[in-house]
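Below: a set of structures, written as structure tokens.
Two complexes, one shared chain (chain A), two partners (chain B, chain C).
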Partner chain A sequence: MWLFALPALLINICIILVPAVLTFTAAFFIWDGVGTPVWAGLANFQNMVADPVFWSALTNNFIWTAIFLTVPVCLALVMAAALLMAPKARIVVQSIIFLPRIIAVAVTGRIFQGMIFSPATGIVAWLNEHGFSISDPLADPDRSLYAVAAVDIWHWWGFLAVVFLSAMRQISVDQIEAARLDGAGFFALFRYVLIPGIRPTLTLMLILTVIWSFQVFEFIFIITRGGPAYGSEVLATFAYRHAFFEGDVGQAAAAACVMSLFGLCATAVYLWLQITDDAQST
Partner chain B sequence: MIGDRWSRTFALGLIGVASFSSLLPIVLAVMNALKTTVEIGSNPLALPTQLHWENFSSAWRNAQLGPSLLHSAEVAILTIVMVCVTATPCAYVLARQKGKFWRFMTFYFMATITVPVQLYLYPLYFIFAKLGLVNSIPAVALIYTAMFSPFAIFLLRTYALAIPVALEEAAQVDGAKPWQTFFYVILPMMRPGLLTVAIIVGLNAWNEFVIAVTFLQNDSNVTAIVRFYNLTGQYSTDWGEMLAAAVTIVLPIVVIFVLLQRQFIDGMTSGAVKS
Partner chain C sequence: MTMTRRQLVASIPVAALAAGLPRGATAQDGRKVVTFWFGQANSDGQAALRNDLVEAFNASQDKYLLQLEVKGAAVNNLLKVALVAGNGPDIVQTAGPAYLTAIANAGQVLPLDDFAEKYKWKERFLAPLLNTSVYGGKLYALPRDYESMHLFYNKELFKQNGWKLPTNRKEMEEVADAALAKGIIPFGAGNADWKGVNEWLMTVFFNNVAGPDNVRKALAGELPWTAPPFVEAVELSKAWYNKGYFGKNYFSLTIEQSFLQVVNSKAAMAFSGTWSFGTKSYGMSKPDTVMDVAPTPTLGSAFSGSLVHLACGATLSIAKTSQNAEGAAAVFEFMLTRKFYETMNRDWPGKWALPVKDLPPEMLSGIGYPLFEKTIANLHEAFSKGQYGFTTWTFWPGATNSYLIEGIEQVWLNKITPDAYLTRMQTLFSQEAREGKVPPLPPRTA
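Take a look at the complex of A and B:
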């Protein structure tokens, strides 16, 4: 029987596990990816800690995590509750808010650059002509991270709302009816029935949000490449730049290890929840 | 009906605003794909006065979208086939076998779902470079197979768990070997799951960016996403043409989405919704 699992396992080990172990090893070597690696001890980590860009990247990852634990989650929860109350609109609206999720990140990034943020062709340009003075947020080191986060929120929150909606629909109608007969208004219903009713889903999504926030790469790399002036740099763009533009794979590997450390903590919580979940359901 | 009148009005207002903001960038992109760059610059919010379809033909010609779309399709189909072939039997075993070893295996696959690409990207790239696998479309499909199969395994596992064990036992009593049971009893019953897996894996392969942009560097074998990315920068000037290219790349996905919404939404939210 174990032969059935072999092909999938083999591919997974060759593509993911072995290179991941090599990354941990490479973090302790000076290596340009082509030549012979030279033992470096903790030098890569020491260089990284001494690099202010690393610290601003790490801070940006924390900011990103804070943003994504709150803004899209709140939007999605309220939207899911609203859709629960509007069964007629549900199917169509669900598809509409899900749509951003299936559009390629590279395309979404460029559309927002050109049509929203651009001071020449975007909504920003239109606002400037109509008396609002707004500069291009992507050109501002202090605002670029938030501008990119806005794009990712657009892409992400509708999907999250659909997830929460399907979880809320599993709450028994009797329970909702009973609360309503007791005189619960929208907010009471939301606070005391809907949120507790979807707690397992909510917890899982929050944990995944932490994991993904420390991995965030695509939107930032595509829209700002971590710039301007490293204003939107995160660990992933920091690592990518070191590996492929500066020929310093050891440094990239060290950054990847730090990134994974945060993900690993969250993954441990995730796996632990899965185990307790499985134990409860069987 | 849930909620009083006031909260229903609030809900409908919210739904309206949300739908509008989800659609606005898409509508702007489609609208401006049919305008000249000068028109876009003068007012991005205006409707096109005249439909400039030539943006699409020039995007097709200048960006060489044709061949790159073909590469995207090639990568997507190869990935779908490899994921389905390897994940289905694996999901079946994980659904049936009990014990420590298999529990560990399940957790291993679960862990690889959340592993960042960055953790294996760099050594993988330089190993593939040594092996001459950079710029190879099948090599990229192989990486996608590793990346997307854990998701497929867990989705298919739920389908396998729903198949009554009595069916397999009956087949065994009739003298079927394990692989015969798998092919003739299990596989036909997993068909709906396979359709969902094919759609989601195909979508992910079509849209994927990091691996594609790193491993495909020749204009002669890039996917449509990489081609689009390489041609457009922060300082693009011909937005009409660029948006036409964007619409061309996204259109096939949107058409399939409209046709198969159930599979898309169920597949992508599977695993996220806990009962």
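Take a look at the complex of A and C:
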């Protein structure tokens, strides 16, 4: 049996385990990325926690997680339930809401930056010309994180809806029809049949959302680079800046360890839930 | 010899690796290949690189074959990783001495002293620029160009409004206030596509408010960044930002959009660098351009008159593991030929203004770009005389410079005070100075 697992195991060791161990090790060294690493003990972690930007980045990761655990999930659940009830519209609507997912992140980022939010060339500019006083949210440190989150939600929620719809279609039709015969309306059906029916999928997506939220990088880096004034800085942009602009790979690795810690916690919760479910079902 | 299936499978990755290694390769015609990675280049720039450098060099001799790859904005990161892996290009181009410091300190590039002696480079280059690449008495790179921040302005707009070119802070603020009163943005500026615009502005504020002598002292560790002249510089930048001198959309506009505001008379002036000459959409090469350019005037009491800022936008080195260092040096020598200097500056102005004494700016006269020609002539003269300020991207160490760029946004947006900003900068600078990461300063006189 081990022989069957060997190719996948080798790939995982080479491209996941080895870089992960090296990153963890680098967190204990001072290294500029080209010279000889020097042992630093816990200095990178001490410097990191003394940096107020680290704490604002961590806070932004929590805000991002809270947004993505609620807004796109709620949107996707409602849309999936609606599509379950309206099978004729499924193909067209699914195609439309899935479309943002297949557009490259860089393209999506540039579209929102230049064609929507820009006060020179975007819809914001048009609205300003027509009497609405709206500023570019990307230029405001207190709103930039939410503006980028809105772009990512646009990119993400349709995919989530399609996943939830697939899960809902596994629910027994008899169960749904029985609920309807008992007088359940849309929201009762949603609350007492559909949500419980897709609980394993929902749990998995929520856990993955937590993991991905602590790794978020592309949209923020492309659209705001963590700014302005660190307003949209998250741990990944914090780490990238330290590694590639400040030549401080050790500090970047320390930040990466913190990111991984939250991912590990989320994975542990998922495994615990799985074990609990297995125990209950046997 | 027959090969077993296992040996065949094992040989596949080895063969794949070998196929991907251009280092020390020999072309079909027997020439030794010289590899060169370039960062960002627009279509005009790529055409100029292909025609004026690669094809011209390859046609000029039959020993070496130059192969150029345009790697994009991430070239600095790629280069570091490749050098550590021993698999970088023969010619190592960095984005300036601040980037070169780590690579040279790590011994990833070759000392060029032997080649410098052979080709007389030390006698030919302007000393202030060549010295930015000298570490421990050894030369590790050649400066590819010289740059400086300048005051670009719309001369037609100035004429229409009766404004005179400002020569000090008072006059500058009078013009800026008059522009604001007329609904004109005083300075076209935007950093939506490149946060480095922050450091362009801070180069002007630090040098033109605090004065180049104080900046030199701070870089040499003789004056802290928290000293009053620097506090004044940061406070002035904040005051100007908050008064709207840089417009309402600094964080939303790209470099090109903001500069075009000046060209289109929506803004009066712009603090920008000599690289702006290379953007054709600005139309500055046309005889009827509305634009003019001048060195940046004093903005404080530390000096009078105006100032240019010493900058080296890119350095050229040879990788330690290069199999063809002679070929790389031959490419450098080709870049110092009159023909290359003229064609490259004609086709891509501002990118390859080699600071070489025997390629004086007069050679550029006649390329049909009067503003560029006069600016390069002024720079050449100022650098020759040792009269210059210091650009952040050439003389500030990496982490300090990164904070200079990121932290000033916090000051402008009232998140931290100028004192807190400079205190943090001093902390980072002291640490990097202890670690030997501060790029070398040129001698006081040329």
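By our rule, the second predicted complex is superposed on the first by the 260 of 282 C-alpha atoms of A that agree within 3 Å, B and C clash if a C-alpha of one lies under 4 Å from a C-alpha of the other, contacts with A are read in each partner's own complex, and residues count from 1 in each chain.
What we mean here is this: contacts are C-beta pairs under 8 Å (C-beta built on N, C-alpha and C of every residue); 3 or more make two chains touch, one makes a residue touch a chain.
As the structure is a prediction and not an experimental result, all values here were calculated from the model.
Asks: Given the superposition on chain A, are chain B and chain C in a clash or a fit?
Replies: Chain B and chain C clash in the superposed model.
Asks: Once the shared chain is lined up, is A:245 touching chain B (first), chain C (second), both, or neither of them?
Replies: Once the two structures are laid over each other on A, A:245 reaches chain C alone.
Asks: Look at A:138 in the shared chain and tell me whether it touches chain B only, chain C only, both, or neither; answer first, second, both or neither.
Replies: both
Asks: Looking at A:229 after the superposition, I want to know if it touches chain B, chain C, both of them or none. Which is it: first, second, both, neither?
Replies: After superposition on chain A, A:229 lies in contact with chain C alone.
Asks: On chain A, which partner touches more residues: chain B or chain C?
Replies: Looking at chain B versus chain C, the one contacting more residues of chain A is B.
Asks: If we overlay the two complexes on their shared chain A, which of chain B and chain C does A:73 touch? Say first, second, both or neither.
Replies: neither
Asks: Quick one: is A:148 in contact with chain B, with chain C, with both, or with neither? Answer first, second, both or neither.
Replies: neither
Asks: Report for A:113: first if it touches chain B alone, second if chain C alone, otherwise both or neither.
Replies: Both: A:113 reaches chain B and chain C.
Asks: Pick one for A:34: touches chain B only (first), chain C only (second), both, or neither.
Replies: Both partners, chain B and chain C.
Asks: Does chain B (first) or chain C (second) touch A:200, or do both, or does neither?
Replies: So A:200 only meets chain B here.
Asks: Superposition on A: which chain C stretch among 63-71, 135-143, 225-233 or 423-431 collides with chain B?
Replies: 63-71
Asks: Both chain B and chain C touch chain A; at which residues?
Replies: Residues 33-34, 113, 120-121, 138, 244, which sit in both footprints.
Asks: Taking the touch rule as given, give the residues of chain B at its contact with chain A in the complex, in rising order.
Replies: For chain B paired with chain A, touching residues are 1-4, 6-8, 10-12, 14-15, 18-19, 21-23, 25-26, 28-29, 32, 37, 40-41, 43-45, 82, 85-87, 89-90, 92-94, 96-97, 105, 107-112, 114-127, 129, 142-143, 145-147, 149-150, 153, 178, 182, 203, 206-207, 209-210, 214, 225-226, 228-229, 232, 234, 236, 239, 242-243, 246, 249-250, 253-254, 257-258, 261, 264-265, 268-269, 272-275.
Asks: Any idea which chain A residues touch chain C in the complex?
Replies: Touching chain C: residues 32-36, 113, 117-121, 135-136, 138-139, 141, 225-230, 241, 244-248 of chain A.
Asks: Once bound in the complex, which stretches of chain C touch chain A?
Replies: 76-77, 80-81, 83-84, 102-103, 105-106, 108, 192, 195, 248-253, 257, 398-399, 402-403, 406, 409-410, 412-413, 415, 437
Asks: Can you check the complex and tell me which residues of chain A touch chain B?
Replies: Of all residues in chain A, those touching chain B are 1-2, 4-5, 7-9, 11-12, 14-20, 22-23, 26, 33-34, 75, 78-79, 81-86, 89, 93-108, 110-116, 120-123, 125-126, 138, 154, 158-159, 161-163, 166-167, 170, 176, 180, 185-186, 189, 200-201, 204-205, 208, 211, 214-215, 217-218, 221-224, 235-236, 239-240, 243-244, 249, 252-253, 255-257, 259-260, 263, 266-267, 270-271, 274, 277.
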